[in-house]
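The following blocks contain the structures, represented as structure tokens.
Two complexes, one shared chain (chain A), two partners (chain B, chain C).
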Partner chain A sequence: MVRRMKTNRTNFRLPLVPYSLWIILFVIAPIGLIVYYSFFDLGGNFTLSNYSNFFTSVYLQLTVSSFWYAFLITFFSLLIAYPTAYFLTKLKHKQLWLLLIIIPSWINLLLKTYAFIGLMGLYGPINAALEAFGIGKHQILFTDFSFVFVSVYIFIPFMILPIFNALDKLNPALIDASRDLGANAWTTFTRVIWPLTLNGVKSGIQVVFIPALSLFMITRLIAGNRVITLGTAIEQQFLVTQNWGMGSTIAVFLILFMVVILLLTTANERGMAGSGKKR
Partner chain B sequence: MKSLIRGALLIIIAAAVLMIVNAQLAKSGAQAGGNTLTVYNWGEYIDPDLIKQFEKETGINVIYETFDSNEGMMGKIEQGGTSYDITVPSEYMVEMMRKKDLLIPLDYSKIPNMKNIDPYFEDLPFDPKNKYSIPYFWGTLGIAYNPSLLEGQTFESWDDVWDPSLKQEVVLVDSAREVIGMGLNSLGYSLNSTDPRELREATDKLKTLSPNIKAVIGDEVTQMMMNNEAAVSLIWSGQAADMMSENEDITYVVPEEGSNLWFDNIVIPRTVKNIDGAYKFIDFMLRPEVAAQNADYVGYSTPNLKALDFMDPEVTSDERYYPDEEARGHLEVYKDLGLEMLGFYNELFLEFKMDMK
Partner chain C sequence: MEKNGKLAKIYLIAVFVVLYAPIAYLIFYSFNSGGKMSHFESFTWEHYAAVFEDKRLIGIVLNTVIVALLSALISTAIGVMGAISIHYMRNKAMRNVMLSMNSILMVSPDVIIGASFLILFTLVGIKLGFASVLLSHIAFSIPIVVIMVLPKLQEMSPTLIDAALDLGATRKEIMSRVILPFIQPGIFAGFFLALTYSLDDFAVTFFVTGNGFSTLSVEIYSMARTGVTLTINALSGLIFVITAGLILGYYVLKNRPRTPASGVKR
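Our next item is the complex of A and B:
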């Protein structure tokens, strides 16, 4: 008996070895290095000045503007993705349609971005169309609009997928029941469909908001550096000023922000599920 | 259970293999042996026919690798494990690499063609007596503009860029020293200023430029100017030459207050394996005919005085590329200001970019 239990325990621990190795080598070690570097100045001396430097107006302003744009991108992605996902589930060949929406995300990000430079240029097809309609040429590239538009375009598939899965798993009988009990379409949506797909929405928000916080290439190519995010600052610290300490410090804050967002979205989720069960 | 141990081993082996591959990649040119020469240069910065000619003449096999930033290049050399025989840093990077002891002093008895270099470009402050470096190309920073898209504006002075009629027309390069430098130049300060008050003043002046700025971008500037997407840009002379070769409307000017004079220089880094080959290559590139052909291909200005005789007089008499001595007097070469100061420049630049809404 005793012997058997022992083997059981080793059996239980052994499967963890590859995973923990993986996590130590490729997750914990890199994050540890970032934290480690963030405590050194240019001369390689131990310092906390990088952290105090982060709380100066330049970086705080950067943080606020990063959050604002990430919020806009997430908001518009959700606004478009939710109805799209909803109608997708109603279609006959929904998996095929879903695939068609996912395919653009297989194309390299840089290529898509360059394509938009051509499309939105002064002599590009969008302006040609505007002119044909008598609206006239407009500067589209290098505006807040172009930045949010292109980012939303890039992130939409990632928002649609989890919402589609949540909607697809929704038991249609629940909607019928809600209707039978006299709820109109709006009440059915707000009281039944939305709460039951909230988890999909939350994972959608996570996969869009978090990367949107640190976008950097699109800020230059599409927004002409009129939009500056924490990602831009990190790139500059590492590649131009070679100040790895400051670059790492910004990265540490970015990680902290992401942890907070993850906690916020998952904590609510658990609370919801718990209270749901009790009732 | 065995499969799990195997799994763990697999990950360790994978990590080890990755490290070995990385080390192998780092020394890519290392198969070198006696008869290869690894040249580490900027992209599109040499006429490929010249490499073939050099290989034919000497029997040395040239491996040509490219980089796109001085800092990235230095990083690879500093790390070691590479075997670059020749590289081409800009002047401030020569200074930095010299301080870090990454360069080998040149033996001029092996470079007789050094005599062809214009004495004006010898013995510059970033490398006294050319102990480590020989100028490869040089140029200026100025304004490329397209008069056909403008209403008669000219750019004799940097202040002309601030003209209210240029609303949303100006494109700047995404580079701190160049943009802050424009502010400093327009106020009559030195491009190598380390005075926080002057730098603050320059940044504040640049902030007033924001209504005129269309974008701050990288190499895409060239394409945008060629396609008439932008009318005015702050750009280096070589890129301006590229624009002009595609779009004849564009012209280039260095405002009279002065600007930056830059050099890219041939050096032999510490990582050298084939030092004789490196000297042969340098001497080859300094031949007047070779330097002329290279300048024709690349489009930048050559410091090789004898080479000018082999070039189109229309180009060599063009003040925009070969300014006379008087105009050169207003130009200033960047000094290595140290990482602290570079960081300060970049913080001001970030502040300027954030203000640009």
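Our next item is the complex of A and C:
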């Protein structure tokens, strides 16, 4: 019996090897390199000037506007994804419907973006519809609206998925219990469903907010360079200006923001259980 | 409750309409004999014929698919191993460190992954091209697989393993007969998500791809300014029909043979 316990515990050490290798090579090393390069200028000399550059108004403004857009994108994704995920779990063939939500994300991102350029264009169907309703033509492309809309469109399956999983795991007996105890639909939602699916929401926010900070293709094609995000700035420094040092510095700050967001949204199981008990 | 159901249906229909609108739009104009994505002239298959004549385009599609399948397969294998070893880690602190490490790449902005991998590959001396793209796709897909598999492992009662041990199962048998079958839905979910991320990726590939190698996203991005031909529309129509067909086929196959056990679950 003792021997068996021991096998059970020391089990599964071997699979750790490739996974750890991956962590070292593709998680730790790249971040280390980014930090290292951020201390060098174009000529390869050690410098702190990249950091002092970052604290000029240009980059600070860029950071603030990046955050604002990322916030808007995440907010609207959540607003649309939560009810969608909720209604999906109520359907008969919910896994099939979930698949149908995911299929569009298999169509190349660039193709969909390209479709939106056509859809939202001055001669596109949306403007034709607007005209038919007597509202008249509007410049939809190259506006904040089109940027946020297309970004939400791109991210929404990735928001729906974790929320769907959380809702799907929810024991329906809990909802019945809540109803039996006299809670109305709203109370049931805020006190039972929402807290229990918060982890799904948090992972949804993680997978939307941070990529939203770094969008650069959509800013070019849909926002017509009107929106410059941290991602656009990094891409420019790396691939256009070839200034890896400055690009790395912006990346370092992006990583720092990312860590903060992670700390704020990482599911804390113990904390959840505690707050659950208090209620 | 009935009213609620109706509202839910309308809401879902609206979501699906918006989700599929751009795709429908692309496919609709793929049949346009006029060369543009406006003013539908008359129905034609010519753009579909053009897809099969364009050797370069077919090569790029193959690249994209091969990278996606290979990276999804390899990252699923490594990710499942990672999830299992994280789950059975006894050291809580170590476990949390691993979990945080795992989240890093998943939530890392594409540009950071792309930029840092570009530095890495340049330093190590890996030629930018197929190898660098494949490695990057594997790297950013692994954490997704881990995230999809871990909840299934948590769901699994440890008594199952104890029972298997008591019945004389070896480690290998426990892995292949108990753990893997139990977490299979998570593995599939992880694989498909990895495939999705790979097919959908533009930013990372854009950074680490060289001159000779191109995936569909990178190719379309470089075309987008000069104007995309309707050949691309036809291609996206084909891709859509094939992927949707494969997925629905898989779903039907999976759900048809109802074993007694799965019948009980429902």
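Keep this in mind: the second predicted complex is superposed on the first by the 253 of 279 C-alpha atoms of A that agree within 3 Å, B and C clash if a C-alpha of one lies under 4 Å from a C-alpha of the other, contacts with A are read in each partner's own complex, and residues count from 1 in each chain.
Following the convention adopted for this analysis, a residue touches a chain if its C-beta (ideal position, glycine included) is under 8 Å from a C-beta of that chain, and two chains touch if they have at least 3 such contacts.
Model, not experiment: these values are computed from the prediction.
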Touching partner for A:226 - first (chain B), second (chain C), both, neither: first
Touching partner for A:121 - first (chain B), second (chain C), both, neither: both
First, second, both or neither for A:22, with chain B first and chain C second: both
First, second, both or neither for A:241, with chain B first and chain C second: first
First, second, both or neither for A:65, with chain B first and chain C second: first
Partner contacting more residues of chain A (chain B vs chain C): C
Partner chain in contact with A:42 - chain B first, chain C second, else both or neither: first
Partner chain(s) touched by A:195 [first = chain B, second = chain C, both, neither]: neither
Where chain A meets both chain C and chain B, residue numbers: 11, 15, 18, 22, 25, 117, 121, 123, 221, 239
Complex interface listing, chain A residues touching chain B: 10-11, 14-15, 17-18, 21-22, 25, 42, 58, 61-62, 65, 117, 121-123, 139, 141-142, 220-221, 223-226, 228, 232-233, 236-237, 239-243, 246
Residue numbers on chain A that touch chain C, as the complex places them: 4, 7-9, 11-13, 15-16, 18-19, 22-23, 25-31, 33-34, 37, 80, 83-84, 87-88, 90-91, 95-97, 99-119, 121, 123-125, 153, 156, 161, 165, 169, 203, 206-207, 210-211, 213-214, 216-217, 221, 230-231, 234-235, 238-239, 244, 247-248, 251, 254-255, 258, 261-262, 266
Chain C residues touching chain A - in the complex, by the definition given at the top: 5, 8-9, 11-12, 15-16, 18-23, 25-26, 29, 37-39, 78-82, 84-86, 88, 90, 98, 100-120, 123, 135, 139, 142, 147, 151, 161-162, 165-166, 171, 174-175, 192-193, 195-196, 199-203, 206-207, 216-217, 220-221, 224, 228, 232, 236, 239-240, 243-244, 247-248, 251
Chain B residues within the chain A interface of the complex: 1, 4-5, 7-8, 10-12, 15, 69, 71-72, 168, 171, 174-176, 214-218, 220, 224, 227-229, 339-340, 342-343, 346-347, 350-351, 353-354, 356-357
